[in-house]
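Okay, got some structures for you below.
Common to both upcoming complexes is subunit A, partnered first by subunit B, then by subunit C.
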Partner chain A sequence: MRDKALVSMSGVEKSFGAARALTGVDLEVARGACVGLVGHNGAGKSTLMNVLSGVIKADAGHVSIGGEPLDASYDTARAASLGVRTVFQELSLCPNLTVAENLRISHPSIKGFGWRKSARNVIADQLDQMFPGHGISADAEVGSLSIAQRQIVEIARAFSKVESSIELVILDEPTSSLDQNTAAQLVAFVRSFVADGGSVILISHLLGEILEASDQIVVMKDGRTVAVDAASNFDRDRLVRDMGDVLTETSKFGGRASTKQNAPAVISGGELTVYPGEIIGFAGLSGHGQTDTLVRIFEASQGARNTLSVSEPAVFVAGDRQTDGVFPLWSISQNIFVSSLERLTKGLAINFAQAEDEAQQWQKTLSIRTPDMKNNILSLSGGNQQKALFARALGAKAPIILMDDPMRGVDVGTKQDVYEILSQEAEKGRALVWYTTETDELKHCDRVYVFREGKIMAELSGDDLTEANILSNSFDKEDA
Partner chain B sequence: MTALIQKPWIWAWIGAVSMWLIITIVTDIGAGAEVMSAAASFGTFFVIVAIGQMFVITLGPGNVDLSIPACMTLSATLAMKFMNGDPSLLLPGLLISLGVGLVIGTLNFLLILFLRIPPIIATLSASFLYQSTAIWSNRGLRVKPPELLGDFAVAKVFGVPFLTLAALVLTVAMAFLLHRTRFGLSVLSIGQNQKAAKLAGVRVERVRFVTYVMCAVLAAICGFFLAGFSGGAALNMGEQYLLMSIAVVVIGGTSVAGGFANLTGLWGASLFMFLLVSMLNTFGLSAGFRLIFTGAIIVAVIVISGRKT
Partner chain C sequence: MQRFLTPNALRTLLPVLSLAALLGAIFYLQPRTMSYFGLNLLLNLAVPIALATIAQMFILCVNDLDLSLGAFISLTACITATWLFDTPFLGILALLACIAAYGVMGALIHLRNLPSIVVTLGMSFVWTGIAVLILPTPGGSAPDWIRTLMTLKPAFVPFPIIASVVIALVVHIGLMRSATGAVLRGAGGNPKSVERAGWSLLRVKVTMFSLAGLFGVLSGMALVGLTTSADANIALRYTLLSIAGGILGGGEFVGGRVSPIGAVIGAITLALAGSFLSFLRLNPDWQIGAQGAILILVLALRLLISARENRS
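Coming up: the complex of A and B.
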């Protein structure tokens, strides 16, 4: 008779220097169950999963998998042999290899003559099964895929059936770049996977998704668990309460009063027009030209000649932190003031005292969780790194702010603060262009452009700005 | 002490000091003082080109300037030929040298930007062009410098070569440029993540342009004074500066991957490289063995300094 609990963790502690990331966490995962793990940025979710998957070692506490206690020699290889697979928040595919080759990397059991063919079949089958209509070739180089497609591949790779066993899959914010349709496909697959006896730990900031996919929900806060209960006993409000957030549901779709100011457009070209003081949303399925358009606006603002005319300087808030945003060797404050170098230059040199002061202000405004803004940027959790990128853009004082799905991995409470700041910035006359994969966020926009296949399909505002209209324009008419 | 040991430039200095101690112990203190003075003179020329190379390498993977030796040769040849030993033409001669640096730096950058040739290929192939121009202009003859330039290049203030002092001032100015100015931080940001730098508003191509031009201008100036120092412009005068400029940068603790640099290490590494060769000479080793040993030590330094990150 096998133990019913697949994973049991008790009293797990972990500190990074002075920061206590985990302060005695207990967690049980039953066989054939999906456990939803929610909490603030920096609550310790990712750290806990890193301990469980053998990436880092806990300072104290006990962990057992399949009834077998783990000792100090536990590492990622041991985790793999115990059937633990992980999809990390930060994507871990090799961009220069194909989809099939990436499968081979994480599953060495695919070998011998014709390994390429079998890898191709395994990953293609898995993709077809999990995400029908994904449109990803097994021979595509990962670097050529959009971030959403990469995330899909990474998830499919973790669930692939190969020789090694698969008992538990840890999904750390798997849907942060996925559109709703794909996210729903994943939730459906997770349900069928646990119905077949597998176990899943799901971390997500999308509460609806957690409620739908999980059997049990664990709420974490400040490095410990604060609530554990069956998913059916939770609803959105209770989750938010337990996380310690105040969710203010004030604005509705189309409810934002336009702050558009009587001034000439700052961005124009084709169907696209943006006036000072506006918040403009880019919607549609992910990877349909929204990011490309933002980059083109940015390039035009720097003087590149393309089809857009942009009359004011622009700043860019990257959503793909690792490739587009973070300077990994620098401190948090350096990462913030890099966009303000011109403004901060006094005479010949940069005024570092002022730069550090401003960074401290941003730490307060956006509650960036760190003991010292001079710490390396990578010492922050993903969501807090994202806050630093926001601070970088807001501090640059440019009249146009371009945001490329910037809320990826940011917790609910901080999101509310950022929405508030964005709306204030618009009132001051800045123009904001905001691409988001979370339909809810379009509530905060004056007008929304819906993209499909690289083109703008519709411009919605006022009463027309509804979820139904966005969805119907996102899909081909035959599908809708 | 622990803070000191973690400095990226410390190993270069430890190396330089140990080399000097070995030489002094094996010979005597008089020879030790002499070799130190020579190290300061020759090391100065290494440092001048290495500063430019350091900025280029800091731009990130793939960025390196291999045209330094050809640039030095062409700058020195054209300037010496123009002055033709006349000390009154010293200033115009220096301007010609600077002009050569500007043109070469610009050309290098245009090849990289518009023809999209990787810098390593662009600067290496353009080298042939520059070197050939130097040969064509003077058919490989050694051109003597004006006496005044020769005197200046070996002049000493309180026993320290004047050029060394000037290079120290240059180093401080460049450290300021790297760590305290918009340009320096832009270079460092590009080296860490070029795409992020572009999206953060850094004018990537403008900064790269200035960096490549600066590297070429420093090489040109170095060629000018080296010709004065060593009694004239010769076709092979820049030969050892290709490997040396890169070795000094890397041993000095600058990251080969880009985004992280320091100038303190350049001096330590320059002295180390000169003293290392001197030490091997002191032991009377053959040229071949000397090269093997030098190579092995460079590899070892890179491995050790790469370990800590």
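Coming up: the complex of A and C.
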């Protein structure tokens, strides 16, 4: 192993208008090491990675890769030739192309006669190696894959070996849509990749994953690094403290008592029953029917006839925010109050003053990081966009809230705030149905339904609600 | 079964079925069309429409819409019937300039981030204006070699069918199967990701618009080969026909989802719809409306298919 740093960044600054995203960041990545990068939503992690991968240019500062200083002409093509690969937080596959064709997009050297076959082989081998049992065909159109599968494909694509060298892979929230099993496969692969001399920068809000995968951890806050140390010197508490939060998480599984089953159920059908005031968790490996069930509940609430009967209106917090979450042309506040139009309308006109007021309050409650709620929604970082979607759902007065893995890319501090808000909403008698890929979040639920292959395998509550029970019901008994 | 009925397969299958249904109806109404001569006559005008639809498809593929295509094809038809006939060298130069102009239009739309609908709508008046200057009154004549090509009578299979198959296959291989084609289509599906991978979106746009220009020129030439003369308004209805054909053939307005084979089939379906309605003795005034009805019918079927797919 050469001990010279592969990447060294110093004094990197970047502003977007009035907002200072990076205020002089230093970062070093050694060869054969995995650097974990943590921090709040909007701390500047993604911006820093965009600078490193050539998507945006820094206003000031020095960056060198492999000892070679980079000048103003540095761009994504140059990054690729230096062996820098990036998995961006916002999924960046072409949905209209197949998995193999998407490999070709990022690897210009795949061309000529028979390119389809070689692309197919490369990506299929990579998928098999990294995620055994992935079940994705190289000829599948990406648009027909689930969000977790798309994320898997994108990660595999970044690690694929074609002619060009591969020195550094930047993973920006790679596991946000993955279930625990798949995320563990990724961590294992990252360890073997750095053991072979490659470098990885891993951004994640799942602290356990960061601690497990990284050699070194860098904590960012407000556009600069606040702590750099070997991973072994960190633990959960210190990470959270350095990020500027106090870990108040004391709840344990089954901590919430389920005693609200006096009123008539708001959702019922098959094995599924939900009473007002409850927080219901959907667990299991991703893509095993949890999202479909949420959608069916939503459709039933809209009057569609299916096997479920839903007695009250429902709102939906989308997890796949790009596809069915944000209105990309609208401002943040418009994105929030679109669900409350009925309430905010007087006669024929929308009461914009009140709408903006409410948006301001949400900004405070959820600490949405923006100078102005009238900015375009896409000016927010990914996690902050997700907060806006939360505000949209909470603002609507529907008694049922359906959440499709809503905490994707949301930082620890905000998550705790949201948990608090969720339990307050439940107190008020709203029913919450919550699909999550993070087992820890199920601690906040009264009851949990574990899904496998589109069916509910178990209903857990009270003392039965343990991580072991959730896991054992997620897998086929024969596998486990 | 699941494997066979992928979204892609269904998208290609539906246009084929609608064409088969229409052909069946025509053969039933007028059995004499079921012959070499009959098919030749039925499908003659499908060739320029197919070329125009392919041109529009290139534009649709990068999430744009070309409202000037009909005017542009009229212009190239006028150039073909005058300059290309009188002074072939000047004619070829002018047609090449037309293709280049399309490329520039693509560059302008990309660089200034303009809505393509506005730019092309504006340009349609420019094309028509130039066409009127070149050929103020209907007339001109078709260059012999084009005339000969368009009236070829190959053995067994009528020329329009061969031409359509060749057009569809060439574009299919170029756009759907080649490595470059994947990038071009990818730019319609997720431009940001293609740009981040180091490709120039400007080059993609210019390429696609130039290809559209090329096929527009070919369409104009084919049209003159059939009609033997031109006028400045000869192909105005091709704008909407080409959009309808592209969508009918399984394309979508956004997202880079296009199908060259489907587009050619869609164009033929629309061309046949006219004949079908004449065989029904329907007043020509109603034909445009009836073509619209066919379009709505096929699109409704497509929606049903995707709805069923979502449910399964």
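The rule is short, and it goes like this: the second predicted complex is superposed on the first by the 475 of 480 C-alpha atoms of A that agree within 3 Å, B and C clash if a C-alpha of one lies under 4 Å from a C-alpha of the other, contacts with A are read in each partner's own complex, and residues count from 1 in each chain.
Methods note: contacts are C-beta pairs under 8 Å (C-beta built on N, C-alpha and C of every residue); 3 or more make two chains touch, one makes a residue touch a chain.
All values reported here derive from a predicted model rather than from experimental measurement.
After superposition on subunit A, the partners subunit B and subunit C collide with one another. Of the two partner chains, subunit B is the only one touched by A:T323; subunit C is not.
Touch criterion met: A:R392 reaches subunit B, while subunit C stays clear of it.
By the touch criterion defined above, A:N233 lies against neither subunit B nor subunit C after alignment on the C-alpha atoms of chain A. Judged by the touch definition given at the top, the superposed model places A:T76 against subunit C, while subunit B stays out of reach. By the touch criterion defined above, A:Q424 lies against neither subunit B nor subunit C after alignment on the C-alpha atoms of chain A.
Residue contacts after overlaying the shared chain place A:S339 against subunit B, while subunit C stays out of touching range. Touch criterion met: A:S144 reaches subunit C, while subunit B stays clear of it.
Two complexes overlaid on chain A leave one subunit B stretch from 204-212, 276-284 or 294-302 clashing with subunit C, and it is 294-302.
Shared interface residues of subunit A, touching subunit B in one complex and subunit C in the other, do not exist.
Those residues of subunit A whose C-beta lies close enough to touch subunit B in the complex are 295, 298, 302, 313, 315-316, 318, 323-330, 334, 338-339, 341-342, 345, 348-350, 352, 392, 396, 398.
Contact residues on subunit B toward subunit A in their complex (touch as defined above): 176, 180-182, 185-186, 188-189, 192-193, 195-197, 199-203, 255, 259-260. Subunit A makes touch with subunit C in their complex at residues 53, 55, 75-77, 79-80, 86, 88, 92-97, 101-102, 104-106, 108, 110-112, 115-116, 141, 143-144. Residues 6-8, 177, 179-180, 182-183, 185-186, 188-190, 192-199, 255-257 of subunit C are the ones touching subunit A in the complex.
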